[in-house]
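Letters A, B and C mark the chains in the order given here, with residues in each chain numbered from 1 onward.
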Amino acid sequence: MQKGLSVVGLRVSVKNGKRILDGVTLELPPGEVRVVMGPNGSGKSTLALTLAGSPDFVVESGEATLDGEDLLGLPPDARAKKGLFLAFQKQIEIPGVPLKDMLWEAFRARWEGEGRPSIVDFRKNLTAVAQSLSFHPSFLERGINEGFSGGEGKKSEVLQMLMLKPKVAILDEIDSGLDVDSLRVVAAAVNGFSKDCRSALIITHHYDILNYVTPTVVYVMKEGKIVDKGGPDLAKVIEQEGYSRWEAS
Amino acid sequence: MTDLEEFRRETESKYLALPLPKWKQEVGGKIVYREELKYSDYAIPLPSAFPKPDTAGFALVGKGDYVARPLLECQGDPWLSGELFRSSDDKLELLALAGWKHGLFLDIPPGSSAFVKVELTEAAPFRLIIRVGQKASPEIKVRYFQSGKSVGFGTSLLQLYGEEGSRPTLNVLGGYSRVEFSALEGRLGPNSSARITTFISSGDYGRHVGRLWLDAGSEVKAVVGEYVSKNSFGDSLFSVSHRSASTSDVDMRAAVLGKGVLRGVTKIERGAVGSKANLQERVLMVGSEAKAVTSPSLDIYEKDVQAKHGSWAGRIGSNELFYLRSRGLNEEQAVALVLRGLFEPLLSVFPAADVLGDTIDG
Amino acid sequence: MSKIFQEVRGLNEGVVRQLSNEKGEPEWMLKKRLYSLSVFESKPLPTWGPDLSGLDLNDLAYYVKPPAQTTHDINGLPENLRKTFDALGIPEAERDFLAGNGAMYQSEVIYERMKDQLMKQGVLFMSTDEAVKEHPELLQKYFMTRCVPPTYHKFAALNGAVWSGGTFLYVPRGVKVQMPVQVFFLFDHPSMGQFEHTVIVAEEGASVEYIEGCSAPEYLKGGLHAGVMEIFVGKGARVRVTTIQNWSKNVYNLVTKRAIVEEEGKMEWVEASLGSKVTMLYPASVLSGRGARAEHLYVSLASEGQVLDTGAKITHAAPNTSAYVVSKSICKGNGRATYRGLVRVNPGAKGSVSSVKCDSLLLDSASSTATFPAEEVYDEDSDVSHEASAGKIAEEQLFYLMSRGFSREEAAALVVRGFMEPVTKKIPLEYAVEFNRIVDLEMKGAVG
């Protein structure tokens, strides 16, 4: 059985619209951090959203599995329960639903039987994690992402990731809007994943976060396809030269 | 097919049988009379018979592909009986429908991108029907505005029919009589898109009605401006009905020195899945005698939609006034500036002198 | 247990006289009832709102005397009532949380207990019937005088003619009642009309919170609830009234609530509407003194077969007054929720500020909603705004929560809770819990 996240030949189009992903293939084995980079419009977010089960897209063909089990046939909550997590690029507000309450409910749903931390321990942990992210505790009482700035929204996503401890975390543009300190904390968390046999797929078009996280593999995505795959130096190339190397000839 | 003469005769007898209207307002979907705004001391000088129609009354300037015919020559045209007011029991509405003196039919053929300017040359009740053919994208400017209102009473009816895929731009500058009733009706066919900008500065008493029906995939963006001077009364109703998936964005703005009523109505019918509607009303009250009533309403029968509206009524903020005056402007100049800001979307379409003329002097 | 007066259907002068006589009322009250009756008969049914054609005013019992006597001790309650109280989750009688507790069963208050503290502070808390006898001069000043006169509308007049029960709550000058005062109304007799009349007076500097729960757990045949609430908020005083309404779904709930707020006073209305077949509820606040304020918070859930028509009527009748209205409604099945409001700024009410926000969430394709607000601004020195929105739960919100492991149904319930939160956070905790529980129940299977 193939462990980790595996995507093969994924073709995805917008509902009633045009095709965005044109046969994407990539792997994310446990304990690894991989990066997908590409210019705007290359389909990176579509990839992330499709893997999480967004209703806006239609999978035309291809496969996506987690630890050998199919993901594409499952609704988003079943995928989440299998251990998938998406840190959203576009901030979605859910007014009136306190972040801490949602987290506790989501957390509790994952733990069946014994060994589950009490709500008191959960709250303590939550406060500690929030502090490490310099995420103001009052934000935990607020509606999810309600009135958050871009940076606060990203921190909220990272906070959720740290509390829910997924097997696979897909981070869509997690670095935009974060200051250096928060970026370091996020990077540390991501690095910590690999020790737990968890994995992270960072989607970005900036280089900054890669100063703190060393990916094993860098994928380059363009026009809905993976056009190249390499080591961390590939990211350096992009930082210096942009995506010109992969211009259509 | 409608026989024009017969239609006029029928409507005229219906008109004559009706009593004189008192001012009324819709509150909560029902007509009530409001003591404070009742214009009972103003005798509306309604004609005792429909005027005899003629073929004159308009000056046209344009370029591109279009045809203009007097309405009298369009005997039997299906548009004549109109959608609006057919079953009306309002004297003024019936007058606008069939009691006009000047009538014009403007036909924009499919695919045309004509530019047409229509101006009313004689201040008398008129009716203008504009048909925009498939995929045509004309720009039409209609002007029946006169700043000094010599005529006692007038009505106007403008009808816009946009066929499939059409993209008309319609600008209307109106207000020509002391007591005026004006109506704008629009039917936008599938996948059509309209930009409508209107500004009415009526005399002592004005009632204005706009009604739009949107078919599948159509969209409309409308800016509706009104100026109600001191000692005057103006009542504007703008209603949009979404029959199937369609989009509307209506922006109603009024400067009110007298008594102004702004009513925006959005209706989304069952099955109009994916419709989006936004209606905003903004009334700036100027002077101690200003009175305003706003009544934006939503009537929604389909869940898969996004509908919103908002309204605001108030005066120029004391902070804004203070700021402008601290830059050396006196109160009148400051007010004029703020009004200019309120009517800014109209100023790119109409001559500033027409929109702001009354306000700067008055 | 004696049953002197059985139910009598239909309404005429004879019934009113008998009712007044049975209660042993003074002449002035009988006169008021008869006057109200004549006003009631002269006014037509309102046609501008929901359909009332299913309401047969002649086929109602206007007064039913309950089998038990009024008691001051919960153990003296009849068994079925006690069971009902348990089912409603009403707290134990000995809970310190509550200052006082009165309940209406059918048409008479039968359970009351006043804590010593209230009495010592000079607060009067009793049924309106008792108040007629024990504090006539006080009641006469306030009962259907300038707040809700019989001429206000048809159902206020009806109430004036056949009212029975209700609360009289009088808080003297400067007294601040710390714990909320609670009352429950139960509907338990078929074809009955419930016409309680509550009068709350907060004198200068006083403050009090009043909570009303309404429930009709058994099946009824088209009952009518036409209660009236008159509130007088004195100078600098504060009154909050919270109503949790869960009448069974064949009751016509046509209530009249109005408050007159004096200088620097504050009135807060918190209304949660869950039940009834048709509700017409338009709490009114008259801001009659400088600096008076009103806050109206509504939440309603219109399910299958329900029409909930609510709104706020605000009159700014003095300078520097302000009003804040939030209305959140949810429609499922073919339920319809309508907001019908009026904000009026009178000439001379300079510096008035008013903001109204109403949002509707439609869950099913047969659901519908409407808002018909009106703002009448007769003084330019004011700031009056209104905002409304309608639509369904955003797919992206559902997707976001599902991606955190919530099922679609759970996600919808969370979004709905969040939607109502600006209002539900003002409802006392135990009621909010019960309210949320009822909403969650209704939400099951609601989102396809």
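Everything below uses one rule, namely that a contact is a pair of C-beta atoms (placed from the backbone, for glycine too) under 8 Å apart; a residue touches a chain by one contact, two chains touch by 3 or more.
All of these numbers come straight from a predicted model, not from anything done at the bench.
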item: Closest chain to the centre of mass proxy, which here is the mean CA position; value: C
item: Most contacted chain pair (by C-beta pair count); value: B-C
item: Distance between chain centroids, defined by C-alpha means - chain A, chain B (Å); value: 52
item: Euclidean distance of C-alpha centroids - chain A vs chain C, Å; value: 49
item: For chain B paired with chain C, centre-to-centre distance based on mean C-alpha positions, whole Å; value: 42
item: Residues of chain C that touch chain B when the two form their complex; value: 47-49, 331, 340, 342, 347, 360, 362-365, 367-392
item: Chain C to chain A touching residues, read off their complex; value: 395-397, 399-408, 410-411, 414-415, 417-422
item: In the complex, chain B residues that touch chain C; value: 27-30, 34, 36, 270, 283, 285-288, 290-315
item: Complex interface listing, chain A residues touching chain C; value: 52-56, 75-77, 79-81, 84-86, 88, 92-97, 102, 105-106, 109-110, 143-144, 160, 164
